[in-house]
Amino acid sequence: MGGEALRVLLKHPRAKIAWVTSRTPGSVEQVHPNLYEAGLNFVRLEDAGDADFVMLAIPTSATPEIAERFLAAGSRVIDLGSAFRLRNRATWERVYEQRHPQWSLADEAVYGIPELHAARIKAARLVANPGCFSSAAILALAPLLKANLVDCERLIVDGLSGTAGAGADLSRAIHHAEIGNNVVLYNVVGHRHTYEMEQELSTIAGRQVRVHFTPCYIPIVRGIVDICRCFPLKPIDRKSALELFREFYDGHPFIKVYDQPRGEGEAWNYRPYPWVSAVAGTNYCHIGLDIDEERNSIVVLSVLDSIGKGGAQVAIENLNIMAGFDRTDGLMDRGFHP
Amino acid sequence: MGGEALRVLLKHPRAKIAWVTSRTPGSVEQVHPNLYEAGLNFVRLEDAGDADFVMLAIPTSATPEIAERFLAAGSRVIDLGSAFRLRNRATWERVYEQRHPQWSLADEAVYGIPELHAARIKAARLVANPGCFSSAAILALAPLLKANLVDCERLIVDGLSGTAGAGADLSRAIHHAEIGNNVVLYNVVGHRHTYEMEQELSTIAGRQVRVHFTPCYIPIVRGIVDICRCFPLKPIDRKSALELFREFYDGHPFIKVYDQPRGEGEAWNYRPYPWVSAVAGTNYCHIGLDIDEERNSIVVLSVLDSIGKGGAQVAIENLNIMAGFDRTDGLMDRGFHP
Amino acid sequence: MGGEALRVLLKHPRAKIAWVTSRTPGSVEQVHPNLYEAGLNFVRLEDAGDADFVMLAIPTSATPEIAERFLAAGSRVIDLGSAFRLRNRATWERVYEQRHPQWSLADEAVYGIPELHAARIKAARLVANPGCFSSAAILALAPLLKANLVDCERLIVDGLSGTAGAGADLSRAIHHAEIGNNVVLYNVVGHRHTYEMEQELSTIAGRQVRVHFTPCYIPIVRGIVDICRCFPLKPIDRKSALELFREFYDGHPFIKVYDQPRGEGEAWNYRPYPWVSAVAGTNYCHIGLDIDEERNSIVVLSVLDSIGKGGAQVAIENLNIMAGFDRTDGLMDRGFHP
Amino acid sequence: MGGEALRVLLKHPRAKIAWVTSRTPGSVEQVHPNLYEAGLNFVRLEDAGDADFVMLAIPTSATPEIAERFLAAGSRVIDLGSAFRLRNRATWERVYEQRHPQWSLADEAVYGIPELHAARIKAARLVANPGCFSSAAILALAPLLKANLVDCERLIVDGLSGTAGAGADLSRAIHHAEIGNNVVLYNVVGHRHTYEMEQELSTIAGRQVRVHFTPCYIPIVRGIVDICRCFPLKPIDRKSALELFREFYDGHPFIKVYDQPRGEGEAWNYRPYPWVSAVAGTNYCHIGLDIDEERNSIVVLSVLDSIGKGGAQVAIENLNIMAGFDRTDGLMDRGFHP
């Protein structure tokens, strides 16, 4: 996550990197071979000087104290971890299985989805950058819940993630030999991101919602696909649903409502739905959908890069908003194909 | 599918390959480099002689006529395609977008899931081998529906398939450059396997069920993971649910109810759920599950190889049953790790 | 190749896309999901109007006539195919197994490696963009041959390519199910790129060289690794060799001579050599090397993206040079990690 | 390596597993999900009882003492590690950077390639199972060196390995996020397997040979491809070379000399060379070759599974020979396609 933020910030037209910390000193390019000749060296946290904005990507338990220190020194803080994402203290402490040492900060933090909270992000001292699965699911379901169109008790999300979303720590489950031909299911019920989804979607719906969320790792490196399914309170057709999404995200530069017509022949028939590889490395989220009229259900497909729009790049989008930069500064690169 | 059947039949203790057909004559090993020195050559369909059992893996529209021909000659037929899987003619003709030329055969065919229909398979002239996603989902949900434990209207299945499941035809969507870093969603609503699931699960439940099914291809070669979610009519705990599955599949050699305890430390914490790579190349289906007590939902995870237990190998299991062989003949190989 | 050129040109600060042709009309984004909302539509070749520069990525046999047409209309042409890469007509006609209809164009064309031929590229009407394996090998071996340090008879190159390098046509060998767990060796001797390598390296060496080249596809999407081995005429140490490469490429913005020190501990010990994933999607070529002093051989490792520095992006670098733009315009993006 | 040996031994018709040791007690199936219901539990090394044969897959430095203990107790030992593979002590101690505590065992050990040393393996108390890259290269080059056909100074081997060949320890270089789209080059000169290749090939050639070997990891799980290149002392054609290989390996059940004719059309033109996926999971080694007559060089392509024929399965082949079983017992499974 830190490496991705550096990659993007190095070409940002207005932001400037003051320092980068690591527990292991050395040149950044030894850890990140793509940051060759960037001239960056790690400093220790205690040697980090003043900065207008501080991005944190550190263990949850260490975050509140360090965030507090930088806030006290006058920095504004964007936390890429999970210390400040939930509004309910009891839920947070149960889910993260620890006491929160500085709840006033969590109370103050703004949940960093720009499509929902841009005005509050602009004014925030502390932004809690959202979880990757959460971003994809919240963006996928928000328009339907806002319009009060679906059963709030049965929102179902199956999330498929590339291995870059798992962070830099080594783990057997995402060692290549284990996952190269495999799907790794984990936290099949009660994954922590569930609570972010429920919190944000409940606010939008104006009532308590239930999200049934199951994540897995698949053998791609970058990208998340959230397959979201919900049940309409009354029938809705595909065209109206797409129109609803387009209106909801009108003016938001990084959301693309995806609707390729089904054409004739080979070149056309496989890409009516979003393509996660096309948003890898970017700050875009592509959203598609389909309606099962026979069974009265809606499937919304939401794709983004877990360390792009689902992580480091949305953190820079938040930084842009907080700093008064153009929201798209440094973030307009397209993904690859193939 | 044909190549996988040959691979397994070549080492079967009792079955013998009489002939293999192809539209392109030549040696089988030029198409299947793993069948080196097997001494097999393709013959044309019109040159195929008598055989006790015939396996068909040919286009749907051509199947009924060819099946009829072999049945008339006294062979018993296992069809790996989709010509005979549905019991309702109107549904079949709508879903497959064609008139069925020989519906009496579809009427006669036995749906080839041995765990459900062993006695009828034993006596069948014609077996309709099930779809791969269907097998995984039906095996995952049958015990809960049999016990009348869950809401029949909202059975949700998200299916992740390797590319071997797509058959031998070239297609852009599963070309390596397209899918190597990607997830290919297709037929997001109304996939044909949906109707097999609904047919078989309705029979088990004794009432009409609704399956909300979405498939995708992921960049693994072999294997399917069906993530199945349903909603209990009354609370059930994980231990009881596992016990229910174990009883349901008692005596069935190829179903493993998977329940690794969550232990301490790295080696233990990631494998409570089944591992699709461990069943690749085999006739096993591993099933695991978890209960979200907070939200009252059940997730059942079912993994199998789309051309193994989901295709060619279950066809051989059916052959074993039909021929009076031991049901496990030729099918007891374990998968790999890693 | 065409899609990659469009992706980069869309954000180029000075170049403007006049038109894009295809045999199949329609919107570009239906073919390239990453070019969403780019507003590009394919036109037919016969409807293509005037343009200062034309990039061709079409079948070899059709290229000369079309190149001639655009040159006659006053455009300057960059051909991404292989019609004009070789200087020797007999070799070309033997290797490409066809008569060349317009050899005067091949005679005129400049081989488009900017590190070797920048001045001639600047003045060229017609640039023959190099083959991907060829670029990597020529860049890896040029400094050693220029300095007359190695045996010219035994230059060995094993090339590993991702599947994006194979172009857009479907082919069984790079279908995911075939190559997902595989290495596809092809044209193990006498691959066409061999002749480009020999031509360019012979010119540099001032004598005829022999390149023993074997390519293969491996299951990555983007990127080429050329493992180049040669035999020194007299001993040379690693430090001197690296220095030689640094001097040779001094002032060339897209070549990085890679030399991470071997450090202590896990984070350091695996990345002394270039990382192909770090140049995927870019116009960079990273080069590393090592010397086997015990056996008196040199291994040079050269990595680039077959459709980046090995294809569409070097074509834009050539365009920049021809047009008098800054050589790096539009091309300075870094790769990803991970 | 241990898991693969267990998988194969569990279905071996004559061998019986007495015990399996691990530093971490527990059930084997918690570590190897494919060994479900095998009824195996790890014991501690100190609790291991008598056994006719002992396979060791433990750290090199610990091996001599433990091998000695089992040999003293009357077991015959097959070591899958590298403690006993080299005949020259000074070379071993330099290459493995440690003093060898029990050189008499290394002196006694037989290098376990059955195609070369079957008679001595049959009589051995201690077999040193070969390295995976070494097996592939030695099998690829032995016929040419035996016949004194090629320059012994310039044997070149580039080895591409799947990640299962790296063993069970976690390492950043083969973490999925790092290698999923990458090639990891390491020990580019002087890799330890070089010395095994030189030792065995020198014996065959009757003179000192030089092997220039470079390994890399690629993102497949199982399998090794050794691309071997050498220079004929006098011209040889492809047909004669293939015949030489066939004669050399006549009667050896696990070597297949691969020579698919180049046919017409799509289905034929890509598989003249061996397919590593077709030997994954097996004890087979497929060998193909081609001759560059224009440049007078030979390319031999050798594929095997690093933990099959290159590891655990050849260890069982050695066990079969030592125990007087049929050499193919338990080892005749074919690989998959796809």
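Order of writing sets the labels: A, B, C and D. Residues in every chain begin at 1.
The definition used in the following text is that contacts are C-beta pairs under 8 Å (C-beta built on N, C-alpha and C of every residue); 3 or more make two chains touch, one makes a residue touch a chain.
What you see is a predicted model, and the numbers here were worked out from it, not measured in a lab.
The most distant chain from subunit A, with centres taken as the mean of CA atoms, is D.
Chain geometry summary: the mean Cα position of subunit A and that of subunit C are 36 Å apart.
Distance between chain centres (mean CA atoms), subunit A to subunit D: 45 Å. Counting partners per residue, subunit B has 162-164, 171-172, 177, 180-181, 219-222, 267, 271, 274-275, 277, 280, 338 as the residues that reach two or more other chains. Taken chain by chain, the contacts link every pair, so each chain touches all the others. On subunit A, the positions that touch subunit D within their shared complex are 162-164, 166, 170-172, 174-177, 179-181, 219-221. The touching residues of subunit C, counted against subunit A in their complex, run 3-4, 7, 10-11, 24, 26, 29-37, 163-164, 181, 221-222, 256, 258, 260, 263, 267-268, 271, 274-275, 278-281, 284, 286, 332-338. Residues of subunit B touching subunit A in their complex: 154, 156, 158, 160, 162, 171-173, 177-178, 180-186, 188-190, 210-212, 214, 216, 218-223, 225, 227, 229, 231, 266-267, 270-271, 273-277, 280, 288, 290-292, 294-295, 297, 299, 301, 303, 338.
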